[in-house]
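Look for chain A in each of the two complexes below; its partner is chain B in the first and chain C in the second.
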Partner chain A sequence: MVLEATMICVDNSEWMRNGDYSPSRFQAQSDAVSLICGAKTQSNPENTVGVLTMAAKGVRVLATPTSDLGKILACMHGLEIGGQMNLAAGIQVAQLALKHRQNKKQQQRIIVFAGSPVKHEKKMLELIGRKLKKNSVALDIVNFGEEDEGKTEKLEALLAAVNNNDSSHMVHVPPGPNALSDVLISTPIFTGDGEGGSGFAAAAAAASAGGVSGYDFGVDPNLDPELALALRVSMEEERARQEAAAKKAAEDASKQEKGGGQHAISQDATMTENKTNDLDDESALLQQALAMSMDDPEVSHDVRDTDMSEAATDDPELALALQMSVADSAKDSASQTDVSKLLADQSFVSSVLASLPGVDPNDSSVKDLLASMQSQSDKNEEERPNEEEEK
Partner chain B sequence: MACLHDHSCEDHDCSSDWSLYKHIDLSKISALNEATPGSVKSVFKAWEHRLNSSGEHLESNEGDPELLVFIPFTSDVKIKSISIVGGPDGTSPSKMRAFINRDGIDFSDAQSMQAIQEWDLAENMQGVLEYQTRYSKFQSVGNITLHFPDNFGGDITKIHYIGLKGEATQLKRDVVATIVYELMPNPSDHKTRAESGGGLSHVG
Partner chain C sequence: MSAESASAVHKGQVDLLDFIDWSSVECLNQSTTHSLPNAIKQGYREDDGLHLESDADEQLLLYIPFTQVIKLYSIAVKGPEDEGPKTVKLWSNKEHMGFSNVNDFPPNDVAVLSPENLKGKPVLLKYVKFQNVRSLTIFIEDNQTESEITKVQKIQLYGSTVETTDMKGLKKIEDH
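Moving on to the complex of A and B:
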């Protein structure tokens, strides 16, 4: 949410005709520019963004810092490609444009797309960098396109000269199947120094991940933001509850000094959670969505795995149980039923417990535990067929 | 607390004179070319602590002695004099230029603009030197920008204390932050008192 004025320096030199970024370097750059503009404007409505070109007929400011997204997108249209990029002049003109921004409270930032070879000397770039630092202007460099010898070194020197307290970044984007914008979304250029990716970036990432299947909960955040928000919040709550339960289980287990008991209890905890979820009629659909998206078995398996890893090393039977449950993690209900079957098998559990050192199966607390687990696994078996019917 | 002025200090308390720092809007102070962002806030403190160099102080970047400090006030003030305590070994600033009520000055502006007043500073390690202002020009100061272009030969410039002496008025200089101009008049925005129900003035 930092209040910022940004100038984007676009490289429209001859090297941008190349197609190693699909569809062409220039197109990929345009997409990235539009995404950046959107992200900046969304993170703070008072942010302004401007654009200038560095090649073709010379350094030309297409749009002075403005918060009007349409204007910026419009000026990216019909840009001609040609000539050579003039990095130094581009940065200096960007600095001048920022100096004359309307709202002096905005922080100054320049984003440079360096796709063609850099013809300037390292010393000159360092001088420019120091001047930017002195006037507290941050600089982000996107190094893509031509891999010239010395280009990376010069850009690194420039970054080092500008960098003040990690406010400036450089991103290398090698040519590949991923679009330039996709790679940039996860970088600090978009997320802005660890403020947490803006909702825009997250939605954009979801959209680009491939249509409907990319959305977290099968719900388009744009179409129904409240539902998406509700789903996300309930999922986080669920996760928090599970973690708390797992922690509590770990504490209980360490008190009783049972390696295997730990496994049983944490499993018990996760299954209790599942059960309480299922009982909530009103949000039955919600829970389904949760279950589907959350990959329930994986979560509960992770919990179990961490606890069981120590126990499994000295107990072959437990290791077997572990293997069985992990092997079935792909199937949702199937694995649950397997494990619940295992637990329901009273004799199996008692034999496991008996083989563990320090555990007395005749101990009352252990017996109570077994009894409660037994009844719960029964209930779970009932719930499972219900869920199958609902689906 | 030895006050090295050539008057006896029993009559008044030096520290109360230098209390303009209380009227500075600390959240909006900024400095250009400082080595540690935010360190500029540490130079505005009470008179008694001016020689206390153990805490933070303002330093410029390596190899560049220029500093620019922007000081906004919470209300308009009148500044009588300024005191600067610099660092040792040539890191004290040697010149000071002041700009009044100008927002967003950077180094190129500072170098090209005519300052409202300029001073040649001396190394003021004990903090007893004060630099008087042309008082008539410093009558209603909403913010002041101090530009230190040079120092006594050190690699960096260090400032431990900036003291301001003067008076604070309770007035606030009117600043119109953003103006929204109407392209087309919208009658609903301009309801007269009669329409909004209550044009009667209350008398008695």
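Moving on to the complex of A and C:
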């Protein structure tokens, strides 16, 4: 929210015709300029921005520092490309334009887009830098385009001469798939000396990258409050539904012979669906891990998911055995108690078994199994009091 | 430049520290660690360890506005013998000067500081030129030894305030 007057020095030399930044270097620069103007004006309504060109027919001020965004965007249209960039003259004219700003309380800043080779001597640039520092003008340099030998060195010398307390920055943007504006959004040039990013910058980032932003759903509540609210409400509802489902699953643990595998799958599917809403893969994995540690029995069922579903279709007895072994190994003593109690309930189990296809409760093997189950649950109950005593 | 006077503080002249408008005080080319408050703020300026230092080169440009109109009588500048200021130019009521236009306007007064002055002896100014001062611009052009950095330990301004109009007296006249 610093009150600032900014002059942007645009490079419109012949080197800007190159297409290594899509669609062309000059177009990428124009987009970056309009984004910067927007960010500056939004961070503080009293901020002013001006534009000048450094090449073509010579250094020309297109717009003196103004808060009218439309004027600046208009003057970026129809700019001709040609000639060579005159960095020194450009910076000096920018300094002069800032000196005559209307609101003297504004801090002075110059943003230079250096896309073509720098023909000035390092000494001269250092002198200019010192003069800027003396008049408390901050300088941001965007180094892109031509990778001339010595260019980076000269620009770094200039930055060192100007830099007063880290108020000046240099950003190096190599050619690549990312647009120039996207790369700039995350730099201090946009975020204004680490103020935490203006709302505009964050929204622009969300809009363009669709990725990392400060907002939960990739939608800025400032831009679209209804959409953000709707997304939040649906997320809450989904979470509530999930929790209810999880509770239900915990209670009906024994019913999962038939549908437990599927249920766990579906539960996980919904959970993963919601997680794809999360913007960061890492946080998604973390949440899954947390969920797993919380819903241990369910997930441990999930682990043996494939086994269980196969077993459920092929061999219900095997499924039951697996079910029991899983129930035993479950760490959560509460659910274990539930499971064991349910299993111990003979009538309940037999009724469930009866409803299973291909299982004849009168079958001897099933009866044996039931008997062993009974003893098993007794043993568990015996073990648990021991554990609790030990505790 | 007037002749030396016996006592620095003439009767009736006060330290103008209380009338400085701190919110608008500016200093160009000061170093971030050694800034203007070190030289003029109460307490800081008495501490000789804290001083105002120049940054990129040896010049300093100070802008000191006042909360009311004052008359400036004398100025005392204290600094180290070698890096203390030498030529000091003063302008009254000139806002937002920069290093580029210091030569555009003739200063209201120029003070060349001797080592004696640097120990704290005030320099008397052309009082008639500073009768109606709302803001003071101090330009330190160079220092005693032509070194890269100028250091100032204390700046003290002496003067008096301009009498304000008595509103009651004004009303009475209108009644006639």
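The definition used in the following text is that the second predicted complex is superposed on the first by the 212 of 391 C-alpha atoms of A that agree within 3 Å, B and C clash if a C-alpha of one lies under 4 Å from a C-alpha of the other, contacts with A are read in each partner's own complex, and residues count from 1 in each chain.
Definition applied: contacts are C-beta pairs under 8 Å (C-beta built on N, C-alpha and C of every residue); 3 or more make two chains touch, one makes a residue touch a chain.
As the structure is a computational prediction, the values presented were derived from the model and not from experiment.
Asks: Mind checking the superposed model to see whether chain B and chain C fit together on chain A or clash?
Replies: Superposition result for chain B and chain C: clash.
Asks: Touch check for A:Asn164: first (chain B), second (chain C), both, or neither?
Replies: both
Asks: Name the contact category of A:Asn135: first (chain B only), second (chain C only), both, or neither.
Replies: Touch partners of A:Asn135: chain B and chain C.
Asks: In the overlaid three-chain picture, which partner chain does A:Lys248 touch, first (chain B) or second (chain C), both, or neither?
Replies: neither
Asks: On the A-aligned overlay, A:His172 touches which partner chain: chain B = first, chain C = second, or both, or neither?
Replies: So A:His172 meets neither chain B nor chain C here.
Asks: After superposition on the shared chain, which partner residues are touched by A:Lys104: those of chain B (first), chain C (second), both, or neither?
Replies: both
Asks: With the two structures laid over each other on chain A, which partner does A:Arg17 touch: chain B (first), chain C (second), both, or neither?
Replies: A:Arg17 contacts neither chain B nor chain C.
Asks: Which chain A residues lie in the overlap of the chain B contact set and the chain C contact set?
Replies: After superposing on chain A, chain A residues 99, 104, 130, 133-136, 164-165 contact both chain B and chain C.
Asks: Looking at the complex, which residues from chain A come into contact with chain B?
Replies: 99, 104, 130, 133-136, 164-165
Asks: Over in the complex, which chain A residues touch chain C? Could you list them?
Replies: 99, 104, 130-131, 133-136, 164-165
Asks: If you look only at chain C, which of its residues touch chain A in the complex?
Replies: Answer in residue numbers: 28-29, 32, 55-57, 59, 95-96, 98-100.
Asks: Residue numbers of chain B touching chain A in their complex, please.
Replies: 32-33, 37, 61, 64, 66, 103-104, 106-108
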